[in-house]
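Note sheet for the following structure.
Letters A, B, C and D mark the chains as written, and numbering starts fresh at 1 in each.
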Amino acid sequence: MPGNSFGNAFRITTFGESHGTAVGVIIDGVIPGVALSDEDIQVEMNRRKPGQSAVTTPRNESDRVSIVSGIFEGKTTGTPLTVILYNKDANPSAYTNIKDFYRPGHADFTYHQKYGIRDYRGSGRASGRETAGRVAAGAVAKKILAAQGIVITAYTLEAAGIRCESIDTSIIEDNPMRAADPAAAWKMTEKVTELSEKGDSAGGIVECIISGVPAGLGEPVFDKMDADLSKAVMSLGGVKGIEFGAGFSAAKMLGSEHNDWMDRRGFRTNNAGGVLGGITTGQDIVFRIAVKPTSSIEHPQQTVDIHGDETEIITTGRHDPCLTPRIVPVVESMSALVIIDHILRHRAQNSL
Amino acid sequence: MPGNSFGNAFRITTFGESHGTAVGVIIDGVIPGVALSDEDIQVEMNRRKPGQSAVTTPRNESDRVSIVSGIFEGKTTGTPLTVILYNKDANPSAYTNIKDFYRPGHADFTYHQKYGIRDYRGSGRASGRETAGRVAAGAVAKKILAAQGIVITAYTLEAAGIRCESIDTSIIEDNPMRAADPAAAWKMTEKVTELSEKGDSAGGIVECIISGVPAGLGEPVFDKMDADLSKAVMSLGGVKGIEFGAGFSAAKMLGSEHNDWMDRRGFRTNNAGGVLGGITTGQDIVFRIAVKPTSSIEHPQQTVDIHGDETEIITTGRHDPCLTPRIVPVVESMSALVIIDHILRHRAQNSL
Amino acid sequence: MPGNSFGNAFRITTFGESHGTAVGVIIDGVIPGVALSDEDIQVEMNRRKPGQSAVTTPRNESDRVSIVSGIFEGKTTGTPLTVILYNKDANPSAYTNIKDFYRPGHADFTYHQKYGIRDYRGSGRASGRETAGRVAAGAVAKKILAAQGIVITAYTLEAAGIRCESIDTSIIEDNPMRAADPAAAWKMTEKVTELSEKGDSAGGIVECIISGVPAGLGEPVFDKMDADLSKAVMSLGGVKGIEFGAGFSAAKMLGSEHNDWMDRRGFRTNNAGGVLGGITTGQDIVFRIAVKPTSSIEHPQQTVDIHGDETEIITTGRHDPCLTPRIVPVVESMSALVIIDHILRHRAQNSL
Amino acid sequence: MPGNSFGNAFRITTFGESHGTAVGVIIDGVIPGVALSDEDIQVEMNRRKPGQSAVTTPRNESDRVSIVSGIFEGKTTGTPLTVILYNKDANPSAYTNIKDFYRPGHADFTYHQKYGIRDYRGSGRASGRETAGRVAAGAVAKKILAAQGIVITAYTLEAAGIRCESIDTSIIEDNPMRAADPAAAWKMTEKVTELSEKGDSAGGIVECIISGVPAGLGEPVFDKMDADLSKAVMSLGGVKGIEFGAGFSAAKMLGSEHNDWMDRRGFRTNNAGGVLGGITTGQDIVFRIAVKPTSSIEHPQQTVDIHGDETEIITTGRHDPCLTPRIVPVVESMSALVIIDHILRHRAQNSL
């Protein structure tokens, strides 16, 4: 009932605070006999690591992952797989100035309201660092899915108002914005850097494409594939919206425009985004998410302290001026967790 | 693990197919001692009933609800509360023409892929009629929430390209589109009727406002309030997107614009939509959903039959040309279920 | 989180009170394509029906089951299968004399403490009638298991101090005590009838044997097969203990006696009861349960009323003088639910 | 759906293998603001530590616990509390001789059947060392419960056929058998030592008393307090049976003997063991468990290797000749987890 676990058959539980001792994840339900090393996970972890470029925070998290259970002689055993990352670059004193204040756009106020106590150091549990555990678990899921031909690719579709005009997924990892259009990538980088220098931040849109998913995955009626993906991705800090296929533009379409017709080769279009009635069609699953501009900015802002007194705050420290590049691997990870969970759930009921 | 239950502490399980014997819901976790009658549920059920106007399907579902457990002398006992609605207006023969075809935009193909068998009558389990159970449960939740000052109001913000210019919630139940602006309501109705007469359908946007929610509800990190609301609403057939507060427009905003500042009276703005870090701020929770145009249209459409042979199909029968008016009470219901679930979860951990 | 559901992949939720409108069950996770009729369920339901003999209560529950969802053209569809039984023989006035009293051995006091309200009619939700839903679900599970060669057989091993000397499972349904030894059955019947005539009741022991279970079922570490079976059976009213294989007598054994040796044909003995480390060995699963004497007796007993005042009570009405014969089909049902759930869970993780 | 988590509102997930890198636990749902240190947990951990006497294994596990998340400035924050214990005394080579054999009484065969791969070192996940995580979580639960006046006490009631004649809980921690009767403790120790010297082992019975529990805890109908305690304790390796109150002896009792009468001061007797209809009565909860003799013995035993060939095996190494003393703190821990979970669940539904 508490909210730190995700998934059913492939179930993860993350733990840890930004500046506590460690963060990590337990994965329960891993398929036995899968070859897996720390390095398989480290590769994905490095993609979410900050400090990779001017548009991401220069914190030097080493983020060395360590698998401490569930592996024997290089293979998964089917028992809980635990990945732990010790926090090395912690500098709690850097955060004492926010101890008594509620930073605008942050969860300081709400955690305090909820628990009456909060680990204010680097946002504690509400920090983006919590996603390290998600990415570790996602790496395991992605490896299993890849062996079945399922590939998940996310990228920055839009940032700071600049949108990719065309999509070339081969260049995503080659530009700091993880955009899929080289010209747009260049403009986004320039714009975001400029905003960053002014102490401000930018929002954006991330698109995710999941290909190779067989038809028939997803559970009616509450655990629809798109419902579960929505929850997965909306559970990431900074994500404020999600849409599948034609998405919000479907609101202006006619039924005769939106319906995806079929012929003997399958569906002709994909306005539905790869899901009908919550169950996969076998087409690409396509969704987009709205990412808010980073809350931590160096602009002076009005807020109150924990006693309710008004004050002005400037959030110094090391922060990404735009979250989209770093959220890309996390979105892929969350998607992978949903897909593998539904594969396992599906075959529980449907393979006798 | 199968997907027909929703919620944790206040947990519902729906059952039934559109043209089977009955549809309904079990609610487990109802607070004991609440005065409740069939009529309390019937009122909400009537709001989702088809045939209320020219823009909703003229099927004459009587939809008489019957509480068959969990009540004693007019009060809830804390044991499972079961609500059942027998299907009276079933006309299975009307659906035999779709027996062997996959209707575009429907879940015919995907259910068949998933289970190898499908109840094709009126879409079976994938029918909108499944939401009757949700609305019955939502009625119970809304009654409990109302006693605590929590009010949930949804309405059609946009339909067929026409958008409310202003919001007057008092008129929602007075117009067939359940719009919140009388002028827009009039135009929407006209436009949708016109489309209907041409055998086509329209999409739209529904906005939902939840007021009176205390600060501190929502569970980090996966079961964030907005993540759970997203799953709840995205699990409704025809919903293709959701956004909170500034939503997708946040993608184009700067951090200095998007952050909600606080003063001694609280938050000055609500770009976040009432949720920070997944936990409620005490402000209104505000979200919008994209509703696709109804899939059942009288336009001839290309599709295939269950043998893969190409064919043309016209979906006759009784269908809403625009789903937004009827989805309004369902969105309210799903929201109510999420809110009450989080209230119960919150006090489990935080009230010793 | 409320307690009216059981199972994970094959998940049931029961509802209803003894003298409310109806009792029943929803089963979520049923394998699609299984031929199933009301009659398949009715057969098992008839086995738990009271009034079958002098040693069971003469109430004339008709207990006609009706499947109201999840079936199409005689086959399961994979969607929730709902079975409902309307209460026909209700005679609430017969229970008004217990309205204000806590009957010894019953849950009257504890339900009142828990909820502050209780449906006192025929024990309400705490009635043995709640198990009708379990038996309905068990019938579905048993049918699926039987097709895989898994057979579950329970019987009265001991009642009123009389124990079966030998086990002949072919005679179980031929004697009112559902004992497995004809001589013991005769003596038990005589003894229980004698006690019944004196207004008293008897306890007993039920043994259950599950054969044909493949090796490898059960989940480490909490959801061990024996742990889940224990919970399943201990959740039945009147069951006060459970033991597997050698059970409590293992407490007096030496390791050299208790360990089951293996040879090339498999295990030579079965002191473990078919489970090692929580996982099935492929041998018969064998367990026994202690059943307390029926609480409702016509002896005058000391108790208090809801105001705490002392009083004397005689529980008249129609009650089984010994619960073991009627608990036999319920134990089989609960066992079937556990086994099928673990089959589905196992293949989710272990069949890629 | 995998089985490594336990509890609902106070939910634990354990991880780790006997000779892997580490073992531990995540607790989700901890009440915020509770003062807690490593030492609070270490105290309980020391009680389950081997090598405390001649009757427990002389392995020198240091078992230093470390809380790595969920704590801030000495208090719980309400976020997941993770406790980790690194395995220091691992000597994998000591186990290579069992690599290819199925030890009688162990889970070697069944894990292999389930997963097709097994970490054979020191029984891997099936090792008693897995319970370290349970005890760590139990320590947290016990601390919270103690503050509410709930005390859990387990002890060896019987071992090697010797039974406590009287119960004096003050001496439990003063004798190596954790018996509650000094004379019996002496005899047990002597007998178990003698058996140990012969390379054999002994079984026993552990009794557990939970006092101070308020009336009204436990969820009808599946998650009864006694059902959940049964699952909790039956999930411990080596436990083969459980009984509440009069337990198996109830099978021979009459209703007029077994029913607990009430007077104005409450219940006069406690044959029910503190639970009626699955809900606590406010009396002591009393249960007993059957513990099998330790499987690892130095007797030569018949078994097969992983190829099915017959062989003889002697399990050398360091093992407890009787499990009861070390299982005592684990039983207390599992009980504490069940009680606190039900307190939180109860107040979710019943405290508006």
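To be clear about the criterion, a contact is a pair of C-beta atoms (placed from the backbone, for glycine too) under 8 Å apart; a residue touches a chain by one contact, two chains touch by 3 or more.
Only a predicted model underlies this, so the values are computations on that prediction, with no experimental measurement involved.
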| Between B-D, C-D or B-C, which shows the same interface as A-B, counting it as a repeat when over half of the contact pairs match? | C-D
| Pair joined by more contacting C-beta pairs (A-C or A-D) | A-D
| request: For copies chain C and chain D, work out whether under half or over half of the interface numbers are shared, and give different or same accordingly. | output: same
| message | As a test of understanding: of all chains, whose mean C-alpha position lies farthest from that of chain D? | response | B
| said: Quick check: how many Å separate the C-alpha centres of chain A and chain D? | reply: 39
| Intercentroid distance (Cα basis), chain D paired with chain C, Å | 26
| query | Between chain A and chain C, what is the separation of their C-alpha centroids in Å? | reply | 46
| remark: Residues in chain D with touches to at least two other chains are numbered 1-5, 8-9, 14, 29, 32, 78-79, 114-116, 125, 220, 344-345, 348-350
| field | Complex contacts: residues of chain C adjacent to chain A | value | 1, 9, 29-32, 78-79, 144, 148, 220, 344-345, 347-352
| note | chain A partner, complex, touching residues on chain B are 1-6, 8-9, 14, 102, 104-107, 109-111, 113-116, 125-126, 130, 158-161, 195, 200-205, 215-224, 226-228, 230-232, 234-235, 237, 240-264, 268, 271-273, 275-282, 290-297, 299, 301-304, 308-310, 345-346, 348-350
| In their shared complex, at which residues does chain C touch chain B? | 1-5, 8-9, 11, 13-17, 20-24, 26, 28-29, 32-33, 66-72, 75, 77-82, 84, 114-119, 121, 124-125, 344, 348
